[in-house]
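Structures given as structure tokens follow.
Look for chain A in each of the two complexes below; its partner is chain B in the first and chain C in the second.
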Partner chain A sequence: MQYQSQAVAKPYFIAAIALFTGQILFGLIMGMQYVVGDFLFPEIPFNVARMVHTNLLIVWLLFGFMGAAYYMVPEESETELFSPRLAIALFWIFLVAGAATVLGYLFVPYATLAQMTGNDLLATMGREFLEQPLPTKLGIVVVALAFLFNITMTVLKGRKTAISTVLLLGLWGLAIFFLFSFYNPHNLVKDKYYWWWVVHLWVEGVWELILGSLLAFVLIKVTGVDREVIEKWLYVIITLTLVTGIIGTGHHYYWIGAPEYWQWWGSVFSALEPIPFFAMTVFAFNMVNRRRREHPNKAAVLWALGTGVMAFLGAGVWGFLHTLAPVNYYTHGSQITAAHGHMAFYGAYVMVVLTLISYAMPIIRGRAANSNKAQVLEMWSFWLMTIAMVFITLFLTAAGILQVWLQRVSDTPMGFMATQDQVVLFYWMREWAGLMFLVGLVTYIVSFFVKGEDSAATQ
Partner chain B sequence: MTSQALILPDTPPQRLAGDLAIWFFIGAELVAFAAFFGAYAFTRASHVAEFNLAQQGLNRDAGAVNTLLLLTASAFVVRAVQGALAGRARADAVWLLAAIVCGIGFLGVKGVEYAAAFDQGISLSSSTFHMFYLSLTFFHFMHVILGLVILVVLWAGMRAGRYGPQDMNGLESGAAYWHMVDLVWLILFPLVYVIH
Partner chain C sequence: MSGIFTKSMARNIFYGGTVFFFLLFLALTFDSHKEFPKRDNSQNLTPQVIAGKKIWETRNCIGCHTLLGEGAYFAPELGNVYPRRGPDFIKGWMQAQPTGAPGRRQMPQFHLTDEELDNIVAFLKYTSEINTANWPPNIEG
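After this line comes the complex of A and B, so read on.
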């Protein structure tokens, strides 16, 4: 580790993996409820399990992004972190607030929770992914601002690189667009319109900048390719991302009451969103092929390459499947969306955070890479989780196609619940694939505890 | 019979004009415009009469003037690149300035066209044709602005003597982008203004 303060990333990474585990457990509970409707009812109703599953995902990825930034920025800026103590304090505040929110979801009826937390003062709750009570939302803003202050001050006092600039742009964008979660107009069209400014402009906008920056950082480290070459690709990728992603927001505006031209704008620009992901894959493989050194951390290289491929498949290809307005007319809100959501989040954001953890954790723990034995286990976990996710996606896609056919295309369309009964086989297969994912995750966690001979000294 | 040695002409190795990254970017831009052009053609096929009628309202003279302006700007950019390649970057920077003036002229003409259209109450929602007309031309308009920003940077670089026979990468990359902006207009103009 080049700078002592990079070590503050460690608790962030540990918390991220712990919450990741929670997310998967709740995913399995929900997956079971798809086929056994009263599973764990009334203790954990479906809507609560879903809320915990999706909210934990967001929170652990945020932990991962923050940990990654704390690790990367001192090294990129060639200076110690502005305030390591602030970083640790924010860690505990964020963790306690996150845990309290999840406990609130689990043990207090949602309407009561809303009453208790001042939702009548400023109503922000009750919207998908933005279910957090007002104090949690305010807490997120405070933590995000203090975090950005810490990171920005570090960049300002040190070396400025393209990678840290793109990272800052992404992180500031993340904080700014979250502010739209406080805007909750009575008009449902406007409500949905601006809701996407958080949801879409996060995952198909500013988060992609964070993704590009994290990937570029790890690629420089593990390949030894000139920074100049990697930065040039990063610029091309983020420009394409922003142009296609920002206007591509239109693919959510087709039938919510927004003007009709969004069907064209949304279709054309979102259809191009796979391009930056494709560029990212080409970029990752190209850099690894041109590598000037054999980095001992093979697992990190595998995660980096996997991110490129899976992000392209999940976000790019599976997004394209249902992004054109005439197709989306039928597939909107079906299991096709769920298939895309699963693989896109895994391929793009889960994998890039795991890439950075895989690269940084051994160094934080005092070695350039883990022992061969630990790496082999980690690579097993890579394949188990990735293949399980491919299966989850394929089964959900099959369920989605059947669902759309029976419920929406057929001359004698079936009702929603009757259709669900017809696709139950695919839900069972998805649940088994989910168990395989859990096995992969457990393998991943075990790999941190496997000893064996350390490779090389720290670099 | 005596064997004859094969004599190869002394050609320099093939060199890509401009950076590979800019070509990738130009490729993506062309795909974006192609998608829009394709959508236009596809939609027009089922609304021919409506499109033809709405097309009558466009100012074809303004479009023709703008075509001339962009073509002239591209020619000036070529002169500037040739000048830099011959080692006359500082002296030939003025060609880029001339290209910039043409580009600004394009924005001015287009601005007058837009003002007239908005006066008539034309908007993205007034008809399918106008949705395409405004979308395509405005998307291109934004590209002209970006192209001009690039030309201004290149102009400053040439005046500072940053480019020469040994270092053409930045200049050629920026010039290639400008030619792309020009090329797109050469398809857009006949497609939207003329063909009926």
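After this line comes the complex of A and C, so read on.
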């Protein structure tokens, strides 16, 4: 480690992996409820499991982003972190708030939770992904602002690089667009319209800046390619991202009561959204091919390349699959949406956070890379989780195509539940693939505890 | 990507492109707001509908159902449930939950009063009258 304060990233990474595990366990519960409807009912109804599954995903990725920023920014800025103590304090605040929220979901009826937490003062709850009680939402804002203060002050007192600038832009954007979660008009059309300013402008906007920045950082470190080259790529990729992604928001405005011209704007611009992801894949492979050094951490290189490929497949290809308005008319809100959501989140955000953890964690623990034995196990976990996610996506896509056909295209459309009964085979296969994912995740965690000969300590 | 095309050119294109397309997005949003009243059924946004929307939110209905295609995909689309089933069926259905049929998906019992049930029905009726460009493709949602 070049700077002592980079070590504050460690608890963030550990918490991220722990919450990731929770997310997967609740995913398996939901997958089971898809095939055995009354599984764990009434103890854990599907809607509760889903809130826990999606909210844990968001929270652990935020832990990952924050940990990544604490690790990267001192090294990029060539100075110690502005306040390591603030970073540790925020860690505990965020962890306790996150845990309390999840326990609230699990043990308090949602309507009671809403009443207890001031939803009558300002109604923000009960909207997909923004289910958090008001105090949690306010806590997220406070933690995000204090975190941004810490990171921004560090950048301001040190060297300013394109990587840290883009990271800051992404993180500030994340905080600013989250503010729309407090806007919940009675008018359902406006409610949905601005709900997407959080959800879409996060995952198809500012989060991609964070993604690009993390990937660029690791690629500089593991390939030794000139910073000028990598940062130029970074700007090109994020330009393509925002030029296509901002107006691309329109692909959510087709059927919610917004003007119909969004079908044109949304289709044309979101059809271009795969381009930045393709550029990212080319970028990752190109830089690794042009490497000037053989970094001992082979696992981190594998994660970096995997991020490029899987983000392109999940976000790019599976996004394009159903983004054109005439196609989306049939596929909107079906299992095809679920298929895309799973692979896109895994390929883009899960994998980039794991890339950074894979690179940074050994260094925080005092070595350039883990032992060969530990790396082999980590690479096994890469393949297990990635292939499992490919299968989850393929099975959900198959279920989705059948569902759309039976329920929406056919001359004699079937009802929702009758259709679900017809595609149950694919839900079973998805659950088995989910178990394979869990095996991969356990393998990943075990790889942290495998000893063996370390590569030489660095710096 | 080398020689003439420099990093600072890439950076300037990034800032310029982002600002331009964000302003375009704001302009389209401004225009959408002018169009909303023609499509969003806001003339029927009664206190009863508003109360119904709050019940919809505080029971986390979106955690299983979709509404205009958004939400979870575990239970039926409810944006058009009003024309599909009618008010009496919706109320009776919610009162009868959970069915307890073994192996079948279960909907929780929310213990809503008659007034609250009427509110949620009013909200679903209002939602079904939003102009959604003819989505969903048929009554099954």
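Please note the rule applied: the second predicted complex is superposed on the first by the 458 of 459 C-alpha atoms of A that agree within 3 Å, B and C clash if a C-alpha of one lies under 4 Å from a C-alpha of the other, contacts with A are read in each partner's own complex, and residues count from 1 in each chain.
The rule is short, and it goes like this: contacts are C-beta pairs under 8 Å (C-beta built on N, C-alpha and C of every residue); 3 or more make two chains touch, one makes a residue touch a chain.
Values in this document were obtained by computation on a predicted structure and should not be read as measured data.
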Now for A:233: first (chain B), second (chain C), both, or neither, which partner does it touch?
-> both
Any idea whether chain B or chain C touches more of chain A?
-> C
Examine A:271 and indicate which partner it touches, taking first as chain B and second as chain C; both and neither are also allowed.
-> first
Identify the partner contact of A:317: answer first if only chain B is touched, second if only chain C is, both if each is, neither if none is.
-> neither
Which holds for A:259: it touches chain B only (first), chain C only (second), both, or neither?
-> both
Give one of first, second, both or neither to describe whether A:190 is in contact with chain B, with chain C, with both, or with none.
-> second
Would you sort A:279 into first (chain B), second (chain C), both or neither based on which partner it touches?
-> first
A:45 contacts which: chain B (first), chain C (second), both, neither?
-> second
Chain A residues contacting chain B in one complex and chain C in the other 232-233, 235-236, 239, 243, 259-260, 265
As the complex stands, chain C meets chain A at residues 1-2, 5-7, 10-11, 13-14, 17-18, 21-22, 24-25, 28-29, 31-32, 35-36, 39-42, 45, 49-50, 53-54, 56-64, 66-77, 98, 100-106, 108, 110, 126-127, 130-133, 135-141
Please name which positions on chain A make contact with chain C in the complex.
-> 30, 33-34, 36-38, 41-42, 45-48, 50-51, 110-111, 114-115, 119, 123, 125-128, 131, 162, 184, 186-190, 192-193, 228-229, 231-233, 235-236, 238-239, 242-243, 246-247, 249-250, 253-260, 262-263, 265, 329-330, 332-335, 337-338, 407-409, 413-417, 420
Tell me, which parts of chain A touch chain B in their complex?
-> 232-233, 235-236, 239-240, 243-244, 259-261, 264-265, 267-269, 271-272, 275, 279
Residue ranges of chain B in contact with chain A within the complex | 19, 21, 24-25, 28, 31-32, 35-36, 39, 124-125, 131-132, 135
